[in-house]
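Written out below as structure tokens is the structure these notes cover.
Letters A, B, C and D mark the chains as written, and numbering starts fresh at 1 in each.
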Amino acid sequence: MQLEATEIHVNYDHVRAVTGVSLSVGEGETVALIGANGAGKTTMLRAITGLTRPDSGEIRYEGHRLDTMAPNDIVRAGIAMVPEGRRVFPYMSVKDNLLIGAFARTDKNGVNATLEMVLGRFPRLKERYSQAAGTMSGGEQQMLVIGRALMAKPKLLLLDEPSLGIAPKLVQDIARSIVAINRDEKVSVLLVEQNSRMALRISHRAYALATGAVALEGASKELLQDDRVKRLYLGGEL
Amino acid sequence: MSILEVRQLTKRFGGLAAVNEVSFNVEAGEILSIIGPNGAGKSTLFKLISSFLRATSGEVIYEGENIVSKAPHIVARKGVVRTFQETTIFKEMTALDNVVIAHHLRSRASLAGFYWASRTAKEDEAQFRESAEEILNYLGIGHVGNEIARNLPHGYLRALGMAIGLAAQPKLLLFDEPFAGMNHEETQQAVKQVYGIRDRGLTVLLVEHDMPAVMKISDRIVVLNFGQKIAEGTPTEIQDNEQVIEAYLGREDEEIGL
Amino acid sequence: MMKTTTSKLAVLGIALVVVLVILPLIFSGKLYYMGVLTTAMALSIAAAGVWLTFYIGRINIGQGAFALIGGYACAILIMKAEMSFWIAMPLAGVFSAIIGVLIGYPILRLRGVYFAMITLSLTETARLSAQSLSSLTGGAKGIINIPLPGALEIFGFTLIPDFSTIDSHLAFYYLAAVLLIATYAAMYRLVNSRIGWLFRSLQQNEDLASSIGVNIAMLRVIAFAISSFLAGIGGAFFVAVQQSVYPNTFQVQDSVYFMLYCFLGGLGYVFGPIVGTFVLFLSFEGLQGLNEYQPLVYSVLMIALMLWLPNGLLSLGEGRRDKAARSAASAKDANVADSDAKAKG
Amino acid sequence: MTEQVIVNGIYSGVQYALIALGLTLIFALMNVLNFAHGQMYVLGAFVTYYVYGVLGLPFWLALVATALTLGIVGVLFEKFLFRPVLRRSSREESSMLLAAGTALLLESLILIVFGEKHRGVPSVVSGVIKIGDAYLPMGRLLVIVLSAILIGGFILFMQYTKPGRALRALAQDREAAQLQGVDVGTYSMIGFAMGAMLAGMAGAMLVAISGVNSGLGTWISIKAFIMVMIGGAGVVSGAIVGGLILGMIESIGYQMLPGGETYLFIFIGLIIFLAIRPHGLMGKPWG
């Protein structure tokens, strides 16, 4: 497995956010992490990228321990994250937002090639190239942060709620881009989503979290038909 | 009878409507939950009702009086009190002192009276302490009254937040995600506490995303998505509402495959 | 835990009273030392005000302004209105407090560095006002030859003799001691009354305080008015000792020092400002022998204290374990708070 | 007459903008209000005085020496003082006390090394040009041009270089910047050093015109705070606008009012302004 997290526990300020979650992502796989708000999905991503230190457990990426590395070194190791809530750099242009995504890279030509690829994939970004990112619509900003993450040429892409607050029509566009990125760029994807139908449709495997623990796991196709997923969101017994 | 009427309440940030013409009523003595997917505008709505944000337009009628955009302490004086998520307590005070100070609205003595420790002030203090102890015991955390609040475990902090809210003697108590980050047993406990609060004669409005808890506890539910009210009804009605399911799980008809 | 700290501080207070009475016996005849002690006490009074604004969560670097206002008010009342010092001094305090309310009401909405910056520039404003309003203040030449306090008589009975007829240094010393004790007794009472609890609630969380019905805007102004009052009293006293006041009597540097006194003593302790003022001011005077190296040594000491004793001198008295626990807790809090804040932003 | 006022305003304004830029950079990156900014300015002036005035080396070499010295001071301050204190303490007060301590430290060091005397240097250039009715000595013109070049260079650096982008990203969203691989520690240090350099360069220009003495620091810091309050803390455009506005108001005030009253009115105006716009003209995080 490319990424393997074992028995992760995270507490924030006395709050148990994650209690013993284990998950893995294989090379070339798209794995969905679904569950209602507050289930601990984001915390798992933060633990993988080093923004939050797990209280216990182990995270390995291509054999190396991640849970002792600084966030900037984790990026260099090939993991890029699209944080929740479209965290663009609002007063920077689209261009600068994309270029900062390649901050950890030193291959200038390679960066230019990636930039071409990203702009090809998201033509809207090309139209808004020198506009301040904060003035764009939510959907455009979401494309930008995905593009920004791709600029790092990651081997593993972590996406936190890309459909959040995006109009339903655009959600489909974003879902299609995720599929295409996984397929064309040979990037493994760990997708955190509340929109479980979308996430299950575009992923190979999925974990469903509830109150900080894995409640369901399995092939996405099967979970899509599983009524327990709905109950996970809207209440009722599993 | 409606204790609270929210009418066409709107809040815009820049051009974006975080809450868009939302209207609903809260009946006296009920437990009403506001739910919605992440980013739906729940917490903005919550802050508008408790007056921690100024509304762009619309009204919040409490007992026949429009309280929209009044200072939070004035709204609290009228009987609409909010709680916060668990980290918002007076961290460097003991749990008991947190609740004692929260009796502020019940003071009969003036500030000068408190300074000179007048008889009324002494009576107030004694009464506040007694009442604070009663509230802490009622919520089952009386035994940690003398702990510094920042050292308390999470479940206790949540109860402490409720205790602070209760001490202000509200008629309408607004809960901000009372079950977030709790495990199953803690949630059960907290649900009981909320029932208990209703049984004390209060009306409860809560914003929450723990669905099992919301379904269990609520008399009625209001569902928001993209800042608009998309449904209102009993838990069973909400669970079967296709629009609600879509808001949470996404649309069924999309065709995106691998 | 609260109880033991309280009684410890009470003991400290009594010890202070005893020391203040005994000191002049040791230093009798040594005018310089008496003067230094008297000044330190006057500064402690103003520093108590700064401490109170810290107590409601505001960084106040404007105390020099209010001390200057108090000083001028007192001087003008004595010289132009020919008032007795004993009336002029309290009026000076009240005048400072009124200015404090007028300025405080708009600016207390600001927090953190914004409030700090605006208060810092208040001190310059006060100095420039004193310079410009020369018909009232004498401009850069200041007001000089202010008479010593006269006798205080009530119903023909002399409570305090005319200072010019007695050892005025000793008289000022005891006056300062009385004012100091009165100030800190009043502060102690304030902080341990419900008002103190309300102030603490503001410091810890203004939103939560307003949610339980506390009128936070009013309380902030009250605290700032008390602070300005104490600055006015301290300033008036200082001017009476100097028998003169100039626009430079209190400057930006002094405002910064007031803040440092509070930090050094410890922001969590009512008596922190006394300890901080005495330690810093006396060591400052003690370092006079080092000539130009004096401020250097002083600043190095200050930075070293900041690095190793961030909770002030009085925190040395706390149990070591408790301190370790606190700093560990605050370190983790800081991380979480930082990421939380960013996550929300 | 009015033309002279405008010329004077621009002359002060560009220097002020340079000072405010350094202060706002440090604030935006670390949320530290650098009380020692004025002292850094004075230190820069003294380095230039020493290299150019005493050693007689070329003026440009003095500027380079100033930038290097202040850069090193900035690095040392950040690494050994601010970083440990900021990491350990969540209270804003701690960094502020530390900043006040460093201001005093620098001021006393300057006093020990350079003494109290006012120091001047020979003019870098001589001559006067006339613009309309206004006279502008060549020395002042040089200051205007150099300041404008530095401000322009700073903006270009921030806009178009990789480290510049990293600094902007860090100021706008610390965590998202980390996720792009920006090392917070290194870039906070770079930012602090650059802020110190900007203050020092402004001081170096001053010495070429009116000389320097060790007591100027606090007043410069206060002026820098005023500019930042006018423009909005942590915003590049705010610092520039704030600096130019202050320079212009000052110039007009000195023309119309006697003595110190200009600043009295500036302060009163500022309090009223802040009551209406608490976060200044452009108060938003980093632009």
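Odds and ends about this structure:
The working rule: contacts are C-beta pairs under 8 Å (C-beta built on N, C-alpha and C of every residue); 3 or more make two chains touch, one makes a residue touch a chain.
Computed from a predicted model, the values in this text were never measured in an experiment.
Counting only chains that touch, the fewest steps needed to get from chain C to chain D is 1. A centroid comparison over C-alpha atoms places B as the chain most distant from chain D. Centre-to-centre separation between chain A and chain D, using Cα means, comes to 41 Å. For the pair chain A and chain C, the distance between mean C-alpha positions equals 53 Å. We define each chain's centre as the mean of its Cα atoms; on that basis chain B and chain D are separated by 47 Å.
Taken residue by residue, chain A touches two or more other chains at 13, 51, 85, whereas all remaining positions touch fewer. Among the residues of chain D, those in touch with two or more other chains are 173, 175, 285. Residue positions of chain B touching 2 or more other chains: none. Looking at the complex, you find that chain B touches chain C at residues 50, 52, 71-73, 76-77, 81-84, 88-94, 97, 100-102, 104-105, 107, 111, 114-115, 117, 121, 125, 148, 150-151, 164-165, 167-168. Chain D contributes residues 27, 31, 33, 35, 81, 84-85, 87-94, 96-98, 100-102, 104-105, 107-109, 111-112, 173-175, 218, 222, 225-226, 228-229, 233, 259-261, 263-264, 267-268, 270-272, 274-275, 278-279, 285 to its touches with chain C in the complex.
The touching residues of chain D, counted against chain A in their complex, run 159, 162, 165-166, 168-169, 172-173, 175-184, 284-287. On the chain C side of its complex with chain B, the touching residues are 1-2, 189-190, 193-195, 197-198, 200-201, 204-205, 207-208, 210-217, 222, 329.
Against chain D, in their complex, chain A makes its touches with residues 49, 51, 70-72, 75-76, 80-81, 83, 87-92, 96, 99-101, 103-104, 148, 152.
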